[in-house]
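As structure tokens, here come the structures.
Two complexes, one shared chain (chain A), two partners (chain B, chain C).
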Partner chain A sequence: MDALSAAFVLVADPYVLWVVLASSLFGMFVGAMPGLTATMATALLVPVTFFMPPVPALAAIVSATTMAIFAGDIPAAMLRMPGTPASAAYTDESYAMARKGQLDLNLGTNLVFSVVGGLFGVAVLIVAAPLLAEIALNFSSYEYFWLAALGLSCAVLIATLDPLKGFVSLLLGLAIGTIGIDPAAGFPRFTFGTVELMQGISFIPAMIGLFAISEILRSSVAMEGGFEAVEGKVGSIFKGIGAVARRYWFNVLRGSVIGTVIGALPGAGADIAAWISYAVSKRFSKEPEKFGTGHLEGIVDATSANNSALGGAWIPALVFGIPGDSITAIVIGVLYMKNMNPGPMVFIQNPQFIYAVFLIFILANLLMLPLGWAAIKSAKVILRTPRNVLVPLILIFCVVGSYAMTNSIYGVVVMLAMGIAGWLLEENGFPVAPIILGLVLGEMFEQNFMTSMIKSDGSFLAFFERPIAGVLGGLTVAVWGLFAYKAVRGLSGLRAATA
Partner chain B sequence: MRANDAVVGVLLIVIAAAMVAYTATFPAFPGQRYGPALFPRLLGAGIILCGAALVVRGLAARRMGEAWIAAGDWTREPGKPLTFALVLACLVGYILVSESLGFIVTAAAILAVLFWRFQVRPLLVLPLAVASSLVVHWFFASLMRVPLPRGILDSIL
Partner chain C sequence: MTQFTRRGLIASIAAASAAGTLSRESFAQAAYPSRPLTLVVPWGAGGGTDATARIVGALLEKDFGQPVNVVNRTGGSGVVGHSAIATAAPDGYTIGMVTVEITMMHHQGLTELKPTSYAPLALMNEDPPGVQVKGDSPYKTVKDLADAIKAAPAGKFKASGTGQGGIWHLALIGWLQAMGLKPDHVAWVPSNGAAPAMQDLAAGGIDIVTCSVPEGRAMIDAGRAKSLAIMAAERNPMFKDVPTLNEALGINYSVGAWRGIAGPKGLPADVQARLVAGLKKAYESKEFTDFMTNRGFGIKWADPQAFAAFMEDGDQKMGAAMKAAGLAKA
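Showing the complex of A and B:
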């Protein structure tokens, strides 16, 4: 347990604790502001964490996202506007509760069961990740190829409303990822002779563009000043929580399990987890007719689920280097920058870092109780932050952040190009998260594909010969079949509708 | 701005075809059957397939009466298109002049323009813009050691 005590020492550093507190406050604020998401919080944090050692850098991301996912529940109840997409599933329900005079109970429930769900996700992460890492030690390029293929396909099929457009986004992301030196032969592709493109499209500026600039473009034409109209006073939020826990303990458990599993699935994150667990809650409720009228049951499920998804998403990210959601996609980029290439070897070479991440996760979730209480109490002040001042400031942060990643104007150019592209794509119903997944996974995916092709001398059968590779390959092909079936049925459905 | 799926599909096919065509310039290595061109070509083929499916879908929607290209509702609201263009112009402007003018001046100018456009109280526009760009510069240049361009303020800083 030397690694564990080393991890304690790493985390107990006053500098790390200070980073945890500061990023928690930042995460609370970003999460509570409608229009600013947890992914955006992470994107804006990365340029700052770039200059930190690995542990505080990861601590900043873990604490900010943990807080942001909870904080999104506050404006959902008060303004009927989800602070982050992860709260969208039960925004109407929360607001209906607030209008019935149950704002305190609603916010208390959201806070307490966010903490419980978050801790559940972390517990699963702590138990599952090292076990999976041991299995993953035996993986060859075939297994990694299928794992990446399966992960990417699931991300598109589960996490997007329109799988065809999701698939296009994914392919575009992979295609952008091929810019630069190719991983097998070392030939510079699509660089058109520029030195800057040789190292590939810079990942962090691209992401700041896709997630933040596109959002700024959208909100610049929907500027309404500060948010107002918070109803009712916030009283003692913890009153009656014990009764809720006794009545709905099973919902908490169910929501947490669903959340962790969906979080661990590549590409699907906290928002999908909340939608699915809310739907499950309604489906199996004894009183489904109360859903939508300000009923607590579904909220308990969904608020546990979205926080547990955060921990779940780190499982494939740490063990295989395959992101569980768009936040961990960024985390993987950060890990590479810190020379801690994710994968099973990290658990052997640098176990103290992994344990440190676990400890920070627990710490952040516990810290959420007092900070969340404070955020709820001061919500009216936070929500009065004028957006017309905030949006230009975020724009400047984006510019400086992108510049800092490349130390040249090239980063800002990438950010702007990706920002416009992301805005156009989202306007036309193409999701942007798969682009990031493709961009992050592209090199690893291609490398494993090329290695496998060269090893097997072009025989696709070899991709299925090893037992685990065979199972993963079979699953992937099944997912593709489902995708093709749905696409064909969708097309013929359209034709029938127009005939 | 929302385009019919067929328009987007055709655009994707054109881009992917150009990408595949460009891979013809990649070298092949003797004795190796799979070179740097293989993966981009597979991706290109995938995009072309998806593009074709989008064309089929878009044409069906077109028969139902969807426009080829429809501008968003906000483009008809007075002033909104100008605001949108202004945000883009600020970013392009930063790329063009920040090296020569320096970060502080460029950022303050951008903030002032946007604050003004977003109707921050007139008396606050300049002080807020200058103060925020100084704080951001202090944080990133002094604390984080990012070499932000100094520009015309080089002698003072």
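Showing the complex of A and C:
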């Protein structure tokens, strides 16, 4: 309880509240601009958080991403362009509603159920994270090895639409992760005798490159002015929301649960959560034929899901240091920078910081109601921001941020190189998120494998001897079995098709 | 962190406006230091080395009237930061914190840098290794543990605390050799530093952690680990109940992780003298002593000559120990 009251004091600091408000406005703007994602908002905040104490630094990221995921719904309905990939699943549906003259109802529904879904995800985070941390205190290298293996496997299984290309990206990330000093024997690998490469590919500059620079390259290929044609006129958005809540309360709950679980799974974030819960909603709907014609039901599911995924993603990030999505991959880097090394120990050493994060999550979700209303009302002005002003500003932030991470030009070089690589990959249909997961989990995977082998004197059986390790190991092997089954079925399907 | 940064910002604005009032000529001839200094730290923000560097930086800033920016150049097991200090311009505006690894890395073949690659300025701290076991371990004293280790077959006990060939690994080797055992009688499990090793100790993955006692403090305070001994000549006043190896076993073995300030080779004599005077003042200040003792960090001073001799001595000892353990590159 001492930690909780300490957390209240930390959050009630006017500086922290100011940071929450400022980054909320920033997140609303970034989310509402098509092409700028919530991950990019986080990457752009890195140089700013560098100069902040831990609580405001985390507050900035939490508030900005919470707002950005909702704000992505606004241009989806008005322009048929998702503000962030998390709104892509129901962009057509939202736009169809707007065409039918239901823009107000659509935006009101998105706002209110984003708040509800967000609060649900946070509630699960608050309950589950400390419990899991207590269990994780007994984790040794065997358990962490299996967690890393499970995380890498999940990334391929659910995080991408094309598993083969996802797998290639993941291997690319793992390969890049081997650069630098080998975590077990301390031997330099792929450094070509340069001192800078001994630190490895620093992953925050790499992320800024992959997510921000590649986006800048994409938009500069098709440079244009602001967005002019905004559909419809916004009236009273909260009218009729009560009726929606009574009719679709189960969809809200289902979307929130799916969102939180998918958020907590490594590698998949808000965008996948929205796609899956939209599909689930259609599958179990009493009137699936209405989907795609401007029907509210699937939107309720998906808009709850993408916001609840945010809180869910923080669970593995805080407890195990395994990112639940690409946003928390950056968060883990920021935590290390602030000496709050993610893992169960942070719950013992700095519980007040963890509670402060929880409080800020709640605060940000509540703040979303008034700010979201304001954003909807001023959407036309926001969407008129010229991109040729925005893009150079983003580039400056990218350079400053990656310089700040390594205190040398090395970070900037990594960022630019990864940006160009990321752009080329995405243009050819290879997702970039698995690269980051490979980069973050690769070292964890290798190091825990090596230390486990040293501890067990080279016996593989030791990986199954401890009870939790045994369960995790069984689960991982089951996932691999699922891969093999799908591959075999795919092959026989192919044979049947060609025969 | 912000505090220093904000203060640094205000100070640099003040310095800039002060410089503006001076004539160009007097500015050019102004005594060292006439502009902000950079203090390079080869280890991450928030760790023990970073904390020590930041308090030294803040005290130097007060003495010099110039901002001292602490810059973390991490990675490569310390090679990146140590290299940045050695290759900086020898004008006294870039100095850095060198750590015990400078006497070890070149034996492993990681770098060409060694203690003689620097202009030593001052030794500020030394921390002895400890012997930590799990909170509910059956070993109540370090003698119980030593007897069990001697009786067990080679490789049965596993220890950790840092990477392969790191300072705490060498501490273990030294202790084993002092007991008449082989360097690999206890197997070394490399870790990413003291904190993950302490967590693995509490989780039951390993048997012993030989990091310094302040590094293991969080787990010890939480009751999940206990410290049986420290490998030092005297007890640590912050951890009075932990005996020395000499008291418990009659073994007089001590080796420590140390931190000092150095600059690139070729510093002008007057610049070096000014830096050493500032560091001496910082070392003797109440702020520094309070800060270090509160965290349980040891303090130890050596002037440039003594620091150079101290590093040379450490370099030879480390070389011999690493060769004996098969960790040195032939």
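In the analysis below, the second predicted complex is superposed on the first by the 483 of 499 C-alpha atoms of A that agree within 3 Å, B and C clash if a C-alpha of one lies under 4 Å from a C-alpha of the other, contacts with A are read in each partner's own complex, and residues count from 1 in each chain.
Keep this in mind: contacts are C-beta pairs under 8 Å (C-beta built on N, C-alpha and C of every residue); 3 or more make two chains touch, one makes a residue touch a chain.
These figures come from a predicted structure and were not determined experimentally.
Peer 1: Check chain A with both chain B and chain C modelled on it and let me know: fit or clash.
Peer 2: fit
Peer 1: In the superposed arrangement, does A:G267 touch chain B (first), chain C (second), both or neither?
Peer 2: After superposition on chain A, A:G267 lies in contact with neither partner.
Peer 1: Touch check for A:I420: first (chain B), second (chain C), both, or neither?
Peer 2: Once the two structures are laid over each other on A, A:I420 reaches chain B alone.
Peer 1: On the A-aligned overlay, A:N428 touches which partner chain: chain B = first, chain C = second, or both, or neither?
Peer 2: first
Peer 1: Pick one for A:N407: touches chain B only (first), chain C only (second), both, or neither.
Peer 2: Both: A:N407 reaches chain B and chain C.
Peer 1: Tell me the contact category for A:G151 with respect to chain B and chain C: first, second, both or neither.
Peer 2: A:G151: touches no partner chain.
Peer 1: Just chain B (first), just chain C (second), both, or neither: which does A:N138 touch?
Peer 2: In the superposition, A:N138 contacts chain C only.
Peer 1: Tell me which partner A:P205 touches in the superposition: chain B (first), chain C (second), both or neither.
Peer 2: Touch status of A:P205: no partner.
Peer 1: Give one of first, second, both or neither to describe whether A:L217 is in contact with chain B, with chain C, with both, or with none.
Peer 2: first
Peer 1: In this superposition, which partner touches a larger number of chain A residues, chain B or chain C?
Peer 2: Tallying touched residues of chain A, the top partner is B.
Peer 1: If we overlay the two complexes on their shared chain A, which of chain B and chain C does A:G31 touch? Say first, second, both or neither.
Peer 2: The answer is neither, since A:G31 touches no partner chain.
Peer 1: In the overlay of the two complexes, what angle sits at the CA centre of chain A between those of chain B and chain C, given in steps of 10 degrees?
Peer 2: The C-alpha centres give an angle of about 70 degrees at chain A.
Peer 1: Look at the superposition and give the distance in whole angstrom between the closest pair of CA atoms, one from chain B and one from chain C.
Peer 2: Least C-alpha distance: 6 Å.
Peer 1: Check chain A for residues that touch chain B in one structure and chain C in the other, and list them.
Peer 2: 51, 184-185, 407, 450, 454, 457
Peer 1: If we count contacts the way the header does, which residues on chain A are in touch with chain C in the complex?
Peer 2: Listed in rising order, the residues are 51-53, 137-143, 180-181, 183-186, 188, 195-196, 198-200, 202, 336-339, 341, 343-345, 348-349, 406-408, 447, 450-451, 454-455, 457.
Peer 1: Applying the document's contact rule, which stretches of chain C touch chain A when the two form their complex?
Peer 2: Per the touch definition, chain C meets chain A at residues 1-2, 5, 44-47, 71-77, 79-80, 83-84, 108, 110-111, 155, 158, 160, 163-166, 187-192, 195-196, 199-200, 202-206, 218-219, 222, 224.
Peer 1: Which of the residues in chain B end up touching chain A in this complex?
Peer 2: Interface residues on chain B, with respect to chain A: 1-3, 8, 12, 16, 19, 22-23, 26-27, 29, 32-36, 38-40, 43-44, 46-47, 50-51, 53-54, 56-57, 60-61, 63-64, 72, 74, 77, 80, 83-84, 87-88, 90-92, 94-95, 98-99, 103, 107, 110-111, 114-115, 118-120, 128, 132-133, 136, 140, 144-148.
Peer 1: For chain A, which residues count as touching chain B in their complex?
Peer 2: Residues of chain A touching chain B: 47-48, 50-51, 164-165, 167-168, 171-172, 174-175, 178, 182, 184-185, 187, 189-190, 213, 216-217, 220-223, 225, 386-389, 391-393, 395-397, 399-400, 403-404, 407, 409, 412-413, 416, 419-420, 424, 427-429, 446, 449-450, 453-454, 457-458, 487, 490-491, 494-495, 497-498.
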